[in-house]
Amino acid sequence: MDLYVVVLVEVLYGVASLILISAGLSIVFGMIKVINLAHGEFMMIGGYATITAVNLGMNVFVAMLVIAPAVVGLVGLVVERLVIRHLYGRLVDTMLATWGLSLFFIGLATMIFGNTTTGISTPIPGFAIGDYQVNGYNFFIIVVAALLLVAMLSVLKGTRAGLVARGTMQGPDMAAALGYSPDRIYMATFFCGSALSGLAGAILAPLVGLVPTSGGAYIAKAFITVIAGGPSLVAGLLSSASLFGVVHQAFTFATSPVIGEVALLVAAVVLLRILPQGVTGTFFKGKT
Amino acid sequence: MSLNRRNILTGAAAAASVGMLPRVAMGADSVKLGSILDTSGIFDAYGTPMDMAMRLAVNEINAAGGLLGRQVEVVAYDTQSDMALYTQYGQRLTRQDQVDVVHGGILSASREAIRQTMRKTRTLYFYNVLYEGGVCDRNIFINGVTPAQQVEALVPYAMGKSGKAVYILAADYNYGQITARWIQKFVADNGGHAVGVDFFPLDVSDFGSTIAKIQTVGPDLVIAPLVGGAHLSFFRQWAAAGMKDRIPLASTTMGVGNEHKVLTPEEGNGIMVAYNYSQELDTPANNAFKERWSAAYGDSSLIHEIAVSNYQGVMTWAEAVRQAGSLDREAVIASLEAGLSIDGPAGTVTVDPKTHHAVLDVHIMEIEDQGMRVIETLPQRQPIDTQAVCDLQANPDDNTQYEIQI
Amino acid sequence: MAEIALETHGLTMRFGGVVAADRVDFRLQARELRCLIGPNGAGKSTFFKCITGLQSPSEGEVWMRGIETTGWMPHQVASLGVGIKTQTPNVLDSLSVHENVWLAARRFHGAREADRKTREVIDLLDLGAIAKDGLGRLAHGERQRVELGLVAAGDPWLILLDEPAAGLGAEDVERLTGIIRELNRQATLVIVEHDMQFIRSIAETVTVFHQGKVLMEGHVDRVMSDPVVRNVYLGRKA
Amino acid sequence: MPGGLTRDAVTIALVTGVLIWVLPLIVGTYTLTVLAIYGMLGLSLGLIWGFGGILCFGQAAFFGLGAYAYAIFAINIGESTVPMILAVLVPAVFAALLGAMMFYGRLGDVYLGVITLVVTLILYKVVNSTAGPQYVIGNARLGGFNGIPGFPTLNVPGTPDAYIWGDRYFHVCAVLLGLVYMLVTALLRSSFGRIAVGIRENETRMSLMGYDVRARKTAMFAIGAGIAGLAGGLFANWAEIVTPSLFSLGQSAEIIIWCIVGGLGTRLGPVLGAAGLAYLKFLLGQQAVIDNALVTGLVLVLFVLFLPKGVVPALSDLWSAGIGRIRPGRIGRRRQPRRRGWPNG
């Protein structure tokens, strides 16, 4: 019995971490149709921001939940103004430009922090479920991911900003019709997406350590989660993260982490192949 | 730091930039020492101190008048933790730079990538890292500890403190694969059994489900030959899950790159290891070495097991050249095979003529407050694992890495 | 009995709850020229897409010259010898007029024969002066004309045109009328069109769509004077 | 246009010959060899992306497959001719299957990108975890992270003991690059190539003309993969080791960058982009002031923003503007493939 609880926690953690690493990318892609391939590096910057802040004596939760999103949000803002802004509507070009940015940030981080693994200890102790010990930090990640989903949902459905956001998803004209400059909205969206990427990187940093190339481990997973998720920000994110998270953890637990990762990737290929209209079917409808 | 650079430091340029080597003219008559290490990338925690140790050794040799009256010149390449770069730079060292000796290689993967190139081009090669054992090749000299020197000592100690059911978590490449089999053998020899063996590619950093899985098996002891920065997360997550007080940990690699200084005391304390060197060795040789290191680099905190191995390797080669009175490969091999011995920071290191491995001291230790506390010292252990299969005196043409069969 | 060029039985297309084409039975004799008319959203374009293979009908059958083509891909339909022009101009923008036509001709001819055919089509459609220009630089009327050239280059026996006169000036429409007459000497034509002036000038028989169904079919003059048609179509348009 | 083709062939042969003679005077042949190999790799993506309109995020997968195919078969067969052929065929067949799966599934461009990227990752992860002794193909241990060192390198066909290395290996690679370039030129002049360009321009129109777009894209994809595989086989010979990092996303990214910088829709662009940027990387590797990735990334961003056409088309535009006429013979070029079915596209 305890074992099932432990496994359940692991599975939930798997789903939650996918939600966390995909949320920023998902918002940016869902709203302004930009695939930010520097997303992983935004996470990496979030991680370094956290570790630097902690080393400067700041409380670890403040560093993770406030400093990192703020820093990465600002980085995102600069990137949006300097690069992305000129490429709206050119999907492939934004992918290429952000891929370039990702390399740029890796290089920059290497020059600043060195190509060495750094990390901080997880701030939450483990505890026992029956005979089993679980990592307390996993619960923290699950809670943050759940809160994130709730927050996204309530902002989208319940606020004026959400209305504008949903309008923008229909197309820039709609935003203009609502009386807002699309330019401003795009900027705000990119800021929010980047801040979420920073948050994700900050929260994962104590768990898995950090090198300048850490981002590469996340981008592919985030990418496929978002693409497979489809048009509905929250429901899409939740459904594909759940699917991939369960597949990943089930195979990891039954065999090894490598096979778990491979299973996740194979599941993604199969899903995209057999359901190009399924999960994402609504995606195309009424938009072309 | 000027040492932590991924470029090619050659000749006078290197001397000028490092600012350590005496600025003497190094022309065609200098002795060329080739070095090939990962001083950047995910293995730089291993490689950078090794590079520093090598330069320290060369500096000391040159300060003492060089070799055969000539200065030693370092030709170093940074392989950036990319195995593919080893063959490229290995070829450049041997074919283009035509160095007199090559010291280097960190992961066993990197050693195997260049070993044949060294052999083909008849370039004497020193691999100064603890490893899985079994390499039998007349062109290579190895002074790191092998499983028979390390695992054989560590396993009974760790099992004595825990129990008979052992779970093994190993890095997924030749070192981890072969070492895991040695661990299984020694566990069985001591009346225990391996209840699980898992291998992890070097980029795996999330061990959550593995930790859950280990609990379902419920071993008495976990032995973890894990390698590199990503794998360090295991020790963190293990502690974060509160497993440290429930199942003891032993490792054949933990601390080799000074990982115990990155972990907090809460995460690291109590992990059992066995090595040839520890900064906490309180011997005159070690204290003097640390002082010389501090004089060169400011402080001695970066010294680790394989940095010392690399230092001892360079010193062993230098001594052999002195005794041979020549840089000729055959002459140097002959003086090494005469059972040459040096006294290094980690004690006496003697070349084993049969295997070209080393006879050396091994210390069983526990991590304590970011240091390694010596529990027991086992003097002058022989590499009996390799000795059992390799005899270069009888078969000088042997060119195999023997692997343990289970 | 005259050959049947195109026939549908109970052709139905649904999008979610919307029925865009509702049990359409349609029949066309060889060498006929038929215009499909109807108000916006009447289902004529959906019907057109189902025939050409751009969409696969939810129900019903499509037959061409006695072969069932239901659910075929566009390239399979085209390979039967069917020339298709879609509503929005569909041309190869960064290639020259010559290259565009050549590619269309090459599908049904060897490389050398395609060169000859290309010259022929360029002469026929009077494209000689712009043959080397890229499509992206041409005016709308010229692009429409080139697309007709692409259709003609395959020597089709059935030609399906979706709004060929849309956006054309009077002079271009006149030229278009001539080209369509020329094409009709060899081929059966189905034309979806709004422009009544143009329809009167080319068609005898028209089919009126309304709410996904065929409302009426008959001679253009009779249809135009029918009060029901005037009501749903012309009335609304005015 | 057979006359034009002959003229192209003569030009390519002459230029290749002159470069083989002149370049070693400036750069070492060991470096030049890998530049030629990368040039071929760049050309492979330049062909399928620039002319076929297929944006593949996993060209490195075919490169790696070619290298591994060569290494594995060379160990088992003991000579190099058959393994070299297999280094072309294995990736080509793999790409044909993968391409058929994607193109017949009517997947849009972004999906294509995701799937090629994911397949590359899968190959990397799988190959990277084959260190155990149980992973063997014939006599060849796959070696996982270690890779496969020590396989027989290129020999004169029929004479397994006559190894080709050093300057002669550079000549082999350079001549092969010339031949592949020639082959690509001929392909693009053929009906197949012209139709492929048509498909790049407008898939719908081409299928309305009666062309089976799916089959043709699959064929194009396989040809590009075969060329990448050849480059992989040659790379294996040069490096004398194959490792899983050949399959890395970083490698894929680099190939894409070469094409962007050099210029899509040209044959010369990707080759020059590859050789130029690889050489730049080599030079950057010799200094410590500024990080390599930082420069590469910056180059990519700046090109996308300010010179999205790439160097070669920009220069040739400048040239044609300068002499006041459009150069004949250049095959139509477009920056991006058309994205069918993409929202708001």
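Side notes on the structure shown:
By written order: A, B, C and D. Residues from 1 in each chain.
Following the convention adopted for this analysis, a residue touches a chain if its C-beta (ideal position, glycine included) is under 8 Å from a C-beta of that chain, and two chains touch if they have at least 3 such contacts.
What you see is a predicted model, and the numbers here were worked out from it, not measured in a lab.
Among the remaining chains, those touching subunit B as well as subunit D are A. The chain pair with the larger count of C-beta pairs in contact, out of A-B and C-D, is A-B. Farthest from subunit B in terms of Cα centroid separation is C.
Rounded to whole angstrom, the centroid-to-centroid distance between subunit C and subunit D, based on C-alpha atoms, equals 42 Å. Annotation: 32 Å between the Cα-based centres of subunit A and subunit D.
Centre to centre, using the average C-alpha position, subunit B and subunit C are separated by 77 Å. The residues of subunit B that reach two or more other chains are 172, 199, 201, 203, listed in rising order.
In subunit D, the residues that touch at least two other chains are 125, 128-129, 292.
Interface note: chains touch in the pairs A-B, A-D, B-D, C-D. Within the complex, the subunit D residues that touch subunit B are 28, 30, 125, 128-129, 131-133, 143-147, 149-150, 239-241, 243, 245-246, 285-288, 292. On the side of subunit A, the complex with subunit B involves touching residues 3, 6-7, 10, 13-14, 110, 114-119, 121-122, 124-128, 131-138, 206-209, 211, 213, 217, 249, 252-253, 256-258, 260.
Remark: subunit B residues 2, 5-8, 82-84, 86-88, 91-92, 96, 108-109, 112-113, 116-117, 172-174, 176-177, 199, 201-203, 403 touch subunit D in the complex.
Subunit D contributes residues 191, 194-195, 197-198, 201-202, 204-213, 332-334 to its touches with subunit C in the complex.
Every residue of subunit B that touches subunit A in the complex is listed here, in rising order: 4, 40-42, 44-45, 81, 172, 198-201, 203-213, 215-216, 228-230, 232-233, 236-237, 239-243, 246, 262, 264, 266-267.
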